[in-house]
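What follows is a single structure, and I will ask about it in a moment.
Letters are used for the chains, namely A, B, C and D, taken in the order the chains are written, and counting of residues starts over at 1 for each.
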Amino acid sequence: MGSFKGHALPGTFFLLAGVWWGMKHSLCFATRRSKSCSRVSSRASQRRLELVEGSAVLFCSVVGMLLEQFAADGPALQLYDSSEHHWRFLMNWQHSTMYLFFALSAAVSLVVQSSEAAPLALDRLMLAVAFFNEGFLFLYHLHGRSPLDVHVHQLLLFCVFGLALLCFLEIFHRGNLVLELLRCTLTMLQGSWFWQIGFVLYPPSGLLWDQTDHNNLMFVTMCFSWHLAFAMLTISGIYAAVTCVVRSRLRRTPPMEMGLLKPRDGEPESEDEIL
Amino acid sequence: MGSFKGHALPGTFFLLAGVWWGMKHSLCFATRRSKSCSRVSSRASQRRLELVEGSAVLFCSVVGMLLEQFAADGPALQLYDSSEHHWRFLMNWQHSTMYLFFALSAAVSLVVQSSEAAPLALDRLMLAVAFFNEGFLFLYHLHGRSPLDVHVHQLLLFCVFGLALLCFLEIFHRGNLVLELLRCTLTMLQGSWFWQIGFVLYPPSGLLWDQTDHNNLMFVTMCFSWHLAFAMLTISGIYAAVTCVVRSRLRRTPPMEMGLLKPRDGEPESEDEIL
Amino acid sequence: MGSFKGHALPGTFFLLAGVWWGMKHSLCFATRRSKSCSRVSSRASQRRLELVEGSAVLFCSVVGMLLEQFAADGPALQLYDSSEHHWRFLMNWQHSTMYLFFALSAAVSLVVQSSEAAPLALDRLMLAVAFFNEGFLFLYHLHGRSPLDVHVHQLLLFCVFGLALLCFLEIFHRGNLVLELLRCTLTMLQGSWFWQIGFVLYPPSGLLWDQTDHNNLMFVTMCFSWHLAFAMLTISGIYAAVTCVVRSRLRRTPPMEMGLLKPRDGEPESEDEIL
Amino acid sequence: MGSFKGHALPGTFFLLAGVWWGMKHSLCFATRRSKSCSRVSSRASQRRLELVEGSAVLFCSVVGMLLEQFAADGPALQLYDSSEHHWRFLMNWQHSTMYLFFALSAAVSLVVQSSEAAPLALDRLMLAVAFFNEGFLFLYHLHGRSPLDVHVHQLLLFCVFGLALLCFLEIFHRGNLVLELLRCTLTMLQGSWFWQIGFVLYPPSGLLWDQTDHNNLMFVTMCFSWHLAFAMLTISGIYAAVTCVVRSRLRRTPPMEMGLLKPRDGEPESEDEIL
């Protein structure tokens, strides 16, 4: 997958995921705050949002796996060349494995949201495992590459392991907006950094970067900080826009049904807070 | 213990432990949820389960220690060869030490469950110490081995230290199903990875792997991810099966005794949640 | 910025910040304890304090960025020398980036304190990100320098990453005096250590230190401990002085209005404790 | 301080501290559990215990500092030899600094226990800082020593940094017996390991160990595990003995005053649990 497109594809995916999460969590927080909004409807619509999200992630991950396997130069499920006694297409297989874990995470999210058999926090655990697995495979991915190549991927690891840790923390602090916004930010950072890696290692202009110049390494490090600042500003903008829209809507619709509707049943509501 | 059998034995032990824990925690969670089931009986039977488990672990650990010491090529409690002034059988002694800590952990679990003199959370602490000790000894175990040998054991460390951390977290979040399922998964992963180490380093087919080929290292890394996915699927299957069985049982027996039985005494119940 | 002044400037800034925070948190804790003091007024004045603090930090950070860019030997927004194809003034740009994150943190603090649209804990998150970013840039800052230079900056990293972790913890434990005093202490430590770095690397006396002597490294390590002890003593002194002043004041003014004033509205009060 | 005595002295100190803490925390837990015992008296006597402990630690630390400075081959407050332009007695000064932080910790503990001006949790924070400082100085202490020497001190670091982390955790989970027993265990481990270091590096028998033999390193690693097991068994024994004694005492004295005595005032009691 060592190509510009191979980095732009997951980059776009993560950028969209970051924006989507930013909108979802801002919306949930804004509606949760304004108590005039009936809780039952918000809860049901939130569940529908989660199901749509899970299906989309599952679909994208499966497409990603199929692309890795059956694209022009893919392994087509072949792993070991028994005539020459060596492994083939290890890169493609590793990327397929990364997609597999995101697919598993999405599948668990669908099960958890549609039935009530398992605790809600399982979806965050699976997301944490998926990010950890991505970082874990990248960690042993870098043997024998040029210094600049190693460096840009190492910076990515800060982001990926940070995401894994954050999702793990959310098992215990579900619904904490601060953690959720940080997760959105880091997901966007990961997306835009994949694009940056594509531009640095496979420049579309054709002008290759010097892979060993220390100044390039230092510039790239600073560039990572700028991407982080950019991601923070984007998420802030999304949060501000969503909050404004929700507020102006609520001002127009008088809170007439307040007090009439109660949470359907206490069980899942409390579980959401406890687990 | 550098042999296929020497890795298959603890591997089988951890696989069984993972499956057992998966069944136990799923059962506890399912019965806790269905309130029709009387809490006293479930609590007493849970305590009995814990005692059986503790005894089994204690028995296995002691057998493991004896095997390491008195097997054909074991030290038989001899450690220092004073005629030649050097240590002997250090490997066997290190493995005995690992078993010793699991035996201590099982003994503490028995004491904690059978009397009420000590806080319940002590058993998780001792388990965390036992896993930490295993990882600690493996960490300084790898000097001067081939790259592949070092790598497969390093991957094991992710799993072992992860388990130690997880058990430590359970001191504060006892009874959190998400953490418990993750512990089951990592225990199964450890078991199946021991088998994998046996196959890689001492292949029964006799065809030795190239110990320095970087592609082998990369394949083995990916293989670890697959073992993790396999362990997650197995534990999910166990959880689903247990939940289904408990539900179908409860539907048949009407909840007639509901409300009649109360928790015997508040003390141990609350302690379970607090500590 | 490799000069004595370039280290003394941020050093002074952090020293003042540490003293200021020490006074602020001691005052808040002392007034919170003495219940005779009306809570509404204390809350309003606390909010005013936060606004003043945010504005000051924002002003200083922007001035720092401008100084780095437009001082005598600064880049004046120039980054890439396209005629010679290499990066220029990377150091100044990295320092500007550090200031940028502190400016962002101050801006978010102003928004969070003046409106009620976002959760309060966001300001601690942004502070954690700003400190993390500072440490992150320093981490890749040290390539090819002398051992002593690397060592004094590495010691700084203990302090900076410690601060980042501490601010992150405060997201969950807001208002915990112990964490707040530790944050003041580490901030003062960072300030005085910047001064120390200036004295070690650019001695005003002109007598250069031997950059490779191991004894110098060992002395500098111990010196870091002494700075820590000094910072702890200063913060203790500030805390003791503030507590005494508050107590003597309260003794003179009789608690006449007790019970008349209630918290204005429950919402923001509870949020302060929860988020 | 590179001598057998120089390691035996702090070793004995930490062993005694471990035993003392084990007895104190077991006693507190046993009396807290048996509700017949009046809470006021237990609280007052606990405070007295803490004051005695703080004074003893303060005394020992000051004596340690004086010994390091004014013993036969000590620096007597001299640090820099300006005639030869190099640092002198750096080792002694580093050890003095370690003692200084324990003295500060004891002083803060005395203040916190005798007045009510500061939150109780400050004593744990200071203890964490003292242990961290010890580990921090040891970390940069090991340059240019033999492999065995470095190894035994590195193992010590596991213990010291573990203690620092544990004390930091106790800020949030004060009075959690499991954490307290683990702290006692690690403190005893540190003490007995200091003795072991003395025996390995300065054997009283005069037979020097081979400082570079890898087998010695592996034996020493295993030995550390044994010390840990020994410390755990000792603390378990102390806990069992104290619990038995308290129980047999309580059975003899009938709980006649139950219900008559109430906690003196709610304030400090709740603070103990919250902070």
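Assume a contact is a pair of C-beta atoms (placed from the backbone, for glycine too) under 8 Å apart; a residue touches a chain by one contact, two chains touch by 3 or more.
Which chain is which protein? Per UniProt: A, B, C, D = Transmembrane protein 45B.
Note that the structure is predicted; figures quoted are calculated from it, not measured.
J.: Shared touching chains for subunit C (Transmembrane protein 45B) and subunit D (Transmembrane protein 45B)?
T.: The shared contacts of subunit C (Transmembrane protein 45B) and subunit D (Transmembrane protein 45B) amount to nothing, since no chain touches both.
J.: Which chain has its C-alpha centre farthest away from the C-alpha centre of subunit C (Transmembrane protein 45B)?
T.: B
J.: In whole angstrom, what separates the CA-based centres of subunit B (Transmembrane protein 45B) and subunit D (Transmembrane protein 45B)?
T.: The computed centroid separation for subunit B (Transmembrane protein 45B) versus subunit D (Transmembrane protein 45B) comes out at 31 Å.
J.: Subunit A (Transmembrane protein 45B) to subunit D (Transmembrane protein 45B): how many Å between their CA centres?
T.: It comes to 44 Å between the two C-alpha centres.
J.: Which word fits the touch map of the chains here: line, ring, star, complete or other?
T.: ring
J.: Where on subunit A (Transmembrane protein 45B) does subunit B (Transmembrane protein 45B) make contact in their complex?
T.: Counting only subunit A (Transmembrane protein 45B), the residues touching subunit B (Transmembrane protein 45B) are 86-87, 90, 93-94, 97, 100-101, 104, 108, 117-119, 121-122, 125, 129, 133, 136-137, 140-141, 143-144, 171-172, 275.
J.: Would you mind writing out the residues of subunit A (Transmembrane protein 45B) in touch with subunit C (Transmembrane protein 45B) in their complex?
T.: Contact set of subunit A (Transmembrane protein 45B) toward subunit C (Transmembrane protein 45B): 158, 173, 176-179, 181-182, 213-219, 221-222, 224-226, 228-229, 232, 236, 239-240, 243.
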